[in-house]
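Heads up, the next two complexes both have subunit A, just with different partners, subunit B and then subunit C.
Entry: the complex of A and B
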């Protein structure tokens, strides 16, 4: 049969008509409906109606606990937070006691990563630099969440002229890249002369909020006409209370995901600003400052630049991985596929 | 289509005015006197100070100042740097270099990002996909300036494949390495975005239809899946052009590229306010125009958008 199908033979041999035996199923289709006496009514009765069905968060948590990505990133973040709070536990050398005699020396006992050009202990500075980066990251994210969250929620929920104004405002701030905007703010005399962790936080919040505002606005718009919001309003809840009690809690998932990832990018932004010399003051031990100080020596002694960079990258990576894991866990639709 | 273009253009006007106003306000209307900063904080002869104030229109009310600034921005009359050069001439020299750098970085992102993203998206969960995902995460986490130094050290100094720094004329071939560094982080985002978009569209009904009517796999992927998956990627690339210009500050610093980023950075460090405001104004124009192009590309990719 199969050789007849090759066309180059050119034979027009009539294909023997295969009698198609319409397969009428001989199976009897069983509609299984259990007779009443076999229905385990007792089991149905035993279902505990008082147990609360799993909320999105409980469901996400159950899913997260099994994800290696989440476990690794959570442990790393825990480690970073502990290091930031009590750096003395991890490094026993004072990061500010530097002897020029040790300038650019290699590793030796008690100083596993060697010395900087100024003769400071690289390992100790790496450990003590954690606090500045984490403080900037956390407080910038908080500030962005507060400003962007309020702006986005109001714009999305009330719509109309408020939405138009707030959306345009966000567009305006969005037109300047984060780093560029932060540089401009940081070079203002007021900021330049009072450099601290907080000036960096303010500069980053000022140009970082539109992203969260956009995400919040989208999530709120998705939820504002949901049945449960309508029901709450029908039961007499004021629109503002409905926003706070029902819309916002149900819009949190995408906001948390983006916040976690932005925390990483804010830490990078702080390091970039410090690297450019307009971020944290030099008196603050930070990864960005150390990388900046090490750049003149990068060809002779690259490890001095590398270690703070590794610490920085691992911290940022763990926040981004956490965001990725949260995204997977908080989006049940994507998970089923 | 003409109406659509026109309307989008109109919508960008408030963004342009708002962003330039914001920068101008930040630089000139916040506490701390830019003129006092010009003299390094030392006392200045009243006549000199008055002349400088008049030169930068600082003796006028704020709104008049801003209007004059806009007028100067449009007519390219941008004043002088501290060393007495015309700002417009300095920008004119630096702009083509950064434009070359940004275009190369953008092309690098778009081509490799979409290519790897499509392959990873089509093979979701396979080894290639996981490798690309992990690699993109690492690239996102390592800051640009560290990547820049490492690539400069390894490729430029140790291997000697490229010149570690760029010469004054900044020819195309010397800009390859800086463009690579500049585009690398965004490349990772483009890959992830394309991958997510592709794997989302792969099971759509129209893809099944296209396969069912006997189209080749290549045609289904390129014409049907890709075109429908590109919209978020195009948005990102358009918004990224502005980011690239900002990111160029770091990259141009490391590789000593004589471009806008370098110019802006030096101007900021020296407190050359007129240059800063002029350069940032130009960047906002680029960003706004890039957004307009993105909007037009939208309409081309998805004809439904035109009628909205």
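Entry: the complex of A and C
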């Protein structure tokens, strides 16, 4: 109760025991009673045992299965994952065996998309590039979920000075531009000489966690004061275990949605960093590196640039679409029947 | 309210107002409303019929989901997009609304049919000043005129807002719930409609505020000659305020007629059930089935069919909750009647953030003392903001008191730590108000009820499952509920699950924080009966926090009346009801709707 509310008493009536008689109409009102067979009287508040019982996740799955957006994005992601795991199934040419004689050659039998300036097979490089992009995307998302999730959950649940410190820390990381940060991390003595996929993952996690932390914090704050958390504490559950058992599972839905969308954006970020030469080393086959290498040829041989770019876009798009579909399915408001 | 009548003719003269007073203003014939949902069409209303004469007040009474609001919304053409009138007609002043163009319906709204919505908290736009929102209505109906400011102030003043011109410049968040509802009434009546639809206009408000608002609405509509369609779940309130009652059940009108006649002589079994369990009509405490049986056999022996204190027993006639297997009484640690919970000089001060970062102290609970005898029910009654829920949280040791002590079984509660606190948790359990918030939506019912057993490491998997089955049986829920999730259950069912969870640890004391306030009348009666049976069976002690004195009558042995953080009156329930000492208590008693109608 805020103290600046004005009192309710609009007109103060003196308190005298009132006997209100109810209104009696001067008109004659017909007394109608519905025949009992029309509306048979059911027992008060019976459980409807005919309906099927579903958990939140099962319910969400049932919704998802019917969404074309989900089906399309899930199939595409499945394809991308399979390609990343066993690229050899899809491309039979070694992406690293390049002969300068084939430099910038057009498509021919066995090489459907032609050759790069270095004489490498474009199709094969596109297929083999999937693994690097997906690895960066998945591991960055995992790292961001762990760091951001823990930070956000603790900040939101305990509040107070912990919240202040963690929130400001997240703000500092938010304020630093990702690319500038990635350059600095890459120049650290530790990473300068042994660049790999993991360098990029570390750089992206370092600047990506505040977003998940914010989402988690919001979701946790929404749930921490729920009656069921209070009830669990009154049952004797310690506050920390109440956080783990009740608050976190109820806060997962928005986190999952944001995570799947940001998985796509992390893949883009990796490509951006690689394009700028501060991401993956050139020894790693990746879409970003290939786009970067092809940019000099964009006028006379644009298809070399086009194919890795298409692969990148489709992958990113399918993760974003998946996120959208999940958001619809996990919407808690839609679940109140 | 003398100024109401001369403003009345401010509205352009409506030729239709002079119509014959014997033709109904609103007539609904064989109305059917269908909602298209993902699970196929749902027939929300079937064969509904009702008529409202000019100037008459008609109340639709029914439980949630009975189709009462849907019927009213159809009359103003505001059905949700997936709902449609699938049969029947709605005549407003002889014109069939179901066939009218959407332009015509927009014309009718506001100027001919006004509406006061249910929730005063969400129905005013928080970014606009109150005055602007009233003016909006006037403008939409072409009634703003040149001196719209004065008109707005007049309209607000009529609705009982003091100092209306200044109030018009305030934002909704500066208003209390009651004042917001007055503003909504002002908006609803601003254009002098001939019919006002009031959809549960006061169910979100405190009882005393509810009475003031309804009194005021009554006076205004009588002076303006406005017909009112009142939608409510409270039979007592409906009977007190309306000439005619329409009782709806499962989308159908089961009974309609003169209000008092229906109340005194209900014909349809559903109406009978409603009348029997209306809390406002209750005249004495509920008795458990066992006590009643004992009484009946005693009466049979002495050939005297008079109940304990010579009154008839209008409540609990309906044998809705009768636990089939009554297990033997489990004796508590101490004898019945001994003090189990004692609260001494309890004070809680909250620091409120004021202007410019200055913290101000707010005394939510101010030096209160009372004690609760074992095996009885003590109710704390008060309006919102009186500090009663704060008392509950401190008693549960979920909130540290600023001063004072809480003794449970002779032990100070707020210094308990570790193992002792853990054991205390086992003996004192809460049941919360909001049935939609108190169960974890991710846990199925089995896990929900099993959780306390798991936390306290009681039994193995098999014995826990057996216990969960027993508990479900105790709260009259089928065992098949175990695999369900809270969102599949109704409010009353969830509340019964919450009771089962609270009972899992065989507690001594259960603290019910507004445990039945969110429930429909019949479901409320069912839960109260259940609580009462369980008390008899298990020797439970209840601390019952509520704003509703009618509920207190049914369940409590002792009452503490709280106002502004203080206890103003403490005594036995009978004493409070028959001989209230404090003005505030009298005010609360007077505010119980329909209290004086039946007996």
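Some observations on this one:
By our rule, the second predicted complex is superposed on the first by the 278 of 337 C-alpha atoms of A that agree within 3 Å, B and C clash if a C-alpha of one lies under 4 Å from a C-alpha of the other, contacts with A are read in each partner's own complex, and residues count from 1 in each chain.
Convention: a contact is a pair of C-beta atoms (placed from the backbone, for glycine too) under 8 Å apart; a residue touches a chain by one contact, two chains touch by 3 or more.
Note that this is a predicted model, so its numbers are computed, not measured.
Look at A:299: by the touch rule set out above, it reaches subunit B but stays clear of subunit C. By the touch criterion defined above, A:236 reaches subunit C but does not reach subunit B. Once the two complexes are overlaid on the shared chain, A:263 sits clear of subunit B and of subunit C alike.
By the touch criterion stated above, A:249 is placed in contact with subunit C alone, subunit B being left untouched.
Of the two partner chains, subunit C is the only one touched by A:228; subunit B is not. Subunit A has more of its residues touched by C than by the other of subunit B and subunit C. Once the two complexes are overlaid on the shared chain, A:175 sits against subunit B while remaining clear of subunit C.
Of the two partner chains placed around the shared chain by superposition, subunit C is the only one that A:56 touches, whereas subunit B remains out of contact.
Within the superposed three-chain model, A:278 lies in touch with subunit B and out of touch with subunit C [touch as defined at top].
Within the superposed three-chain model, A:98 lies out of touch with both subunit B and subunit C [touch as defined at top]. Under the contact criterion defined above, the residues of subunit A that touch both subunit B in one complex and subunit C in the other are 337.
The touching residues of subunit A, when paired with subunit C in their complex, are 1-11, 13, 15, 17-25, 27, 29-34, 36, 38-39, 41-45, 47-49, 51, 53-56, 226-228, 230-237, 246, 249-250, 332, 335-337. Those residues of subunit B whose C-beta lies close enough to touch subunit A in the complex are 14-16, 18-19, 22-23, 26-27, 30-34, 37, 137-138, 140-146, 149, 152-153, 157, 203, 239, 242-243, 245-247, 249-250, 253, 264-265, 268-269, 271, 276, 280, 283-284, 287-288. Residue ranges on subunit A touching subunit B, taken from their complex, read 168-169, 171-180, 183-185, 187-190, 193, 264, 268, 271-272, 275-278, 291, 295, 298-299, 302, 305, 309, 312-314, 316-317, 320-321, 324, 337. Interface residues of subunit C, counted against subunit A in their complex, comprise 47, 53, 56-57, 159-162, 174-179, 182, 206, 208-209, 212, 215-216, 239-244, 249-250, 252-263, 267-270, 273, 320, 352, 360, 362, 384-385, 396, 398, 421-422, 425-426, 428-430, 432-434, 436-442, 444, 451-452, 455-456, 477-478, 480-481, 483-485, 487-490, 492-493, 498, 501, 505, 522-523, 526, 583, 586-587, 590, 594, 596-597.
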